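The data blocks that follow each hold one structure.
Okay, so chain A shows up in both of these, paired with chain B first and chain C after.
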Partner chain A sequence: MALFAKYLRIGSTVKHGFQAFPQLTTAKYSVYPPHFAEPVYKKQELDKLYESGEIENYKLIPFKAAKSNETCSIFHDPMVAKFINYMLLKGQKKLAREVLEKTFEKIKKLQLEKYNRETDPEKKASMIIDPVVILKKAVANSKPLLKLTAVKRGGSFYQVPVPITDKESTFYAMRWFVQCGREKDKSISFADFMATELIKASNNDGKVVNKKLDLHKQCEANRAYAHYRWS
Partner chain B sequence: MRAYRRLCGYATAAVKQETQYQIPTAARTEKKNPVDHDSQDVSKFYTIDPKTVSNIFQTGGLPKPFTEQTNMFAETALMIRQPALEVINSLKSTDFQKPAVRYLLYGQTGSGKSLSLAHILHYAYSSKFILYHIPYVPIWLKYDRKEVNWSSSKNGMADIPLIAAQWLKHFVHQNGALLNELNLTTSQDYVWSQRETTPQGTTLNELVTHGINRAKYACDCMDILLNELKAHCSNNRCKMLVAIDGFNAFFNEKTDLKTEDRVKVTPQQITMVQTGLSAVLSDWNNGAIIMVTSPRAALNTKRESHLPIYLIGRQGFEHIDPFIPVMVPELSTVEFNNMLDYYEEKRWLQKPGGRKELEFLTSKLPADLMARCAPL
Partner chain C sequence: MMALQRLFNNLATSKLNTPKLLSNFVPRCSYGLNNVGSDDPDVEIIEKKIVEEKTSLAMRAYLQRATQYNSFMQQQTHEYNVGKRHLANMMGVDPETFTQSDIDVAIDYLFPSGLYDPKARPLMKPPSEVFPSKKDAEFDESGRPFHVFFYTGKPNFYLILHNIATKLSELNKFEDSLRKNNILPDPDKKLTSLGSQWLSKEDLEKLTVEKLSDHEYKNFVIAIERLLKHPCSYKYGEFISDYQKPMISTKAIIESAPVEYTKDGRAFVTVKDCPRKDARADVTVYYPGTGKLSINGKGIEFFDDIQAREQILFPLLFTDMVDKVDIHATVRGGGVSGKAGAIRFGISWSLRSFVDPETVERMRIAGLLQKDYRRRERKKPGQARARRKFTWKKR
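So, the complex of A and B:
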């Protein structure tokens, strides 16, 4: 039982008054040894595995349990779930989720206004209204290609441009969005600001894309230090 | 790691979604006048033209989320549903020489009671009823910071003059044109003060205008207006539809209101409430009375059930007895699918295919469905 309690952390701490009684939370991922595989929790993906016969490879591999926010619902999107996690403050996930939902609603409102105003049927058909697609496009547009790291050479630190992994650049892009949202003017709500920002970024414009371009410019300026990566 | 790479892939390979899916179109009827609606049109949408909407609902009557939605969709489309149709059909076949019939719409929060009432109001408006329409009672009784005075004409009663004047504006907005056409006049002299009197034979429009300009007398004006209208209806000069949304708020235990000398007033002590209660009495003919009870209009300690006897209590029940209860249920399967078709047609719902999940999450309540579909 002690082992069970250790693996499945029983959340007895009351967080911000949301949890009234002790609740079973999912296992911490660090308890799994490295040979455990990531769970496939989407039904469609599982069906694909069965169809292609790839499932045979997975049959003898132990799997981690799915996290509590990973569902096979059609409305669930891993990208959106990740974004919510980056937005989150003090573990208030419900609040973060609601704010993002409001953002999505606002995006749809703004886009539908444009859609109803548009008279050209071709442009109308090409217009994107789906907020999740806009979010993905915005993040894809603001992913940097390089980053700067501090390297100590001869007693002083140099900002050295180094290549960035896909994972890290996604993180940079999403973090920039959240940062811009927190730095915004107080007169405008987070959801409203984020909605306009995401729409702008999906059209390669706006604060976050400028941040990306600034980083690229700095990398370009510091290209002379690039060899410090090796020597 | 693999999962994370998959996640990043989502971001890089964004937007390339297949557009094979055929976007459905909602079932609609061409009949724009609710007089023509019959049982074949159930679960279909009909559009109200913007001019009528502004004539009837500009100063209240449609729920706020719905109004926002209509702005976004650039049209006001209502679904024709059984409860509203039932009331409209019985209004068509009523013998108006008999005392006014009372209907009570009730149902769960978010099941579409107010919009059913809107449909009925549209019917009444287009068949030339005078609308004595109270958009939502709790806005009278909730939220302090209103000016509440002791009434000068009725002892021990309280007035809310500004709100009453606002309501009179609402009344004129809805019925001004019709009142001019019918040319209804007052049947006796009304003395407001030493200097101000309304002589016999003034038009009702002027009476109401006086009430709006002199807000102090707005509450009395409401009462007089009702009595005049009742008398005119009984004399076969006009037809009237009394419609009260959030009716059960009349029977709440308390209000948020305080008079200037900091005395809390109960709903029964307010003159406007007494007017509303007397509007519901069927001591007149040539008209109908429609009430809507909703759990949201009750105090938040008293929302466990949506049944009228629970919400209005024994006293209220006896006040309106006998009445015809009309249950507004949740959407049927056909209506539910048509609603989602409509949302998809209007590009409001962007993810097709999750209908079973939505059905489970919202238990087919239209207001819940609207809220659920907002971020999707």
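So, the complex of A and C:
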């Protein structure tokens, strides 16, 4: 599968290697001029920049203001912040955050239970209890390698497998988690369901990972159409 | 004939609007705006006679235009100088030492304007800044153009593009020759655009004395960026830097706010009207302190949101000053995140006075010292919201 994806990526460089004209349509809405850089708000990342000497370049550039969900606190994680944003409905970020925190609490409880039940010291040492690490692992396990896009050829649409960027595949994985959470029974709470699902996915199991495998299967089945992307 | 020669000498030295940066362009232009319609009446008559006999229709039209322009500018300059003296007298200052900055202040004082756009407010500037400059003659007496690209309509601009293209092909050849000898172009010497930006459209228009469209400007940026990205671009670093200018200076950030002292000798800094969305905050930071925090008479429990609380603590955590300062803030208007953002900016803006310059620089890179000017995007007519469109079905 990975090789197949690699092949497709080579195809993409042929098509997109030459950068066409930039867009001549209306500009995107931004108050900052284009030369403003994204802020580096984590202390550790800044220290790294100082160590590597890269900071000299940054001294000449103006920076955008840090956003209201960014902070240098050790409890902050960009990936978690992103997940909250994908979860929320109608701008209720406070609620979404509370739900995710409940999820984390549940994960920690479940994992601690398992940890205390375990007698084998080797297995005990390799067990992950930190919910943020579990979330990261779960998302990494459910990231797809390819996606399907509809391409019109000869009057009918074909589902064509297309390589996917890292950012997009992360988005797919997170969206699947949220979708699964919304499709669950009403008898279980979102937080409980999400906790079990995340733990399962971190062990390469569960609904979301199956979704990923389904997508891969479909891509494999439609590999005959792959050339429609450029011909 | 003597007079004509004199004219030629005069005009060859004229510097009006001759583009500086066009290296290939040797101005052979012999007629300039400066010298047409000179003050000496005798000379003018003789010149005109000779000129009319030999020149083409185009040249004559140009000379007429130039005379008009010059006399217009002369009159404007005269009016400006008289107006300046009047202003100085009105303000009760010596007219001889009255400068442009004094004029601006006087105009602000005498004609206060409530108009929002600074461009719409009354102004008094030297005519050379107000009226667009014009080019010298681009053709000789017989009407033949000097410039290779005259018939493109924008010779100076297209010359720049041409120069970029030739330099790029030269670099390609150079790189090929390097690779033939199994030498790779030095990656350390590679140029970067960090800390500098390209000349803006307006700057480029001033440089070329030509009106450019957005499309043409984009073409220029694409071309020069391609030249910059070439692995051997260091060969023409000087040429590229002619079209670059530094990004905004950070002087305003480094100059910290004035420190005041309370009766018991504690230093404090007050920042008023810190903006974020619709919220405005007045923040006072006392140093040294014990980490007391009061927002509208309450502590951090003023905010229910954990995200808002994190925002208040962000600058304090970043500078390790959580328990070294006291903060007193009053905030009004806006919502929760707006209020928190306004206070965050106030705290970080006043903390500059109590931390060392390196930390200030770190805070700048972390985006704490930039005012967040983002606002709610407006709803558009014909759409449901700012971006969302109405549901639409063809049939």
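Things to note:
By our rule, the second predicted complex is superposed on the first by the 202 of 231 C-alpha atoms of A that agree within 3 Å, B and C clash if a C-alpha of one lies under 4 Å from a C-alpha of the other, contacts with A are read in each partner's own complex, and residues count from 1 in each chain.
Going forward, a contact is a pair of C-beta atoms (placed from the backbone, for glycine too) under 8 Å apart; a residue touches a chain by one contact, two chains touch by 3 or more.
What you see is a predicted model; the values in this text were computed from it and never measured.
Once chain A is used to superpose the two complexes, chain B occupies space next to chain C without a clash. When the shared chain is aligned, chain B comes close enough to touch A:Lys108, but chain C does not.
Once chain A of one complex is fitted onto chain A of the other, the partner contacts of A:Val31 are limited to chain C, with no touch recorded for chain B. Contacts of A:Asn116 after superposition on the shared chain: chain B is touched, whereas chain C is not.
When the two complexes are overlaid on their common chain A, residue A:Ile128 makes contact with chain B while staying clear of chain C. In the superposition on chain A, A:Lys43 makes contact with chain C only, not with chain B. Of the two partner chains placed around the shared chain by superposition, chain B and chain C are both touched by A:Ser73. By the touch criterion defined above, A:Tyr86 lies against neither chain B nor chain C after alignment on the C-alpha atoms of chain A. Contacts of A:Tyr58 after superposition: chain C is touched, whereas chain B is not reached. After overlaying the two complexes on the shared chain, residue contacts for A:Ala140 are found with chain B alone; chain C is out of touch. Between chain B and chain C the least C-alpha distance in the superposed model amounts to 8 Å. 73, 75 are the residues of chain A that lie in the contact sets of both chain B and chain C, per the superposition on chain A. Partner chain C is touched in their complex by these residues of chain A: 21-22, 24, 29, 31, 35, 39-41, 43, 46, 49, 55, 57-66, 68-73, 75-76, 93-94, 97.
The part of chain A that touches chain B in the complex is made up of residues 37-38, 73-75, 77-79, 82, 100-102, 104-105, 108-109, 112-113, 115-116, 128-133, 136-137, 139-140, 143, 166-167, 170, 173. Here chain B touches chain A in the complex through residues 1-12, 14-15, 17, 72-74, 346-348, 350-351, 353-354, 357, 374-376, going by the rule given at the top.
Contact residues on chain C toward chain A in their complex (touch as defined above): 192, 194-197, 214-215, 218, 222, 246-248, 250, 304-307, 310-311, 313-314, 317-318, 337, 340-341, 345, 361-362, 364-368, 370-375, 377.
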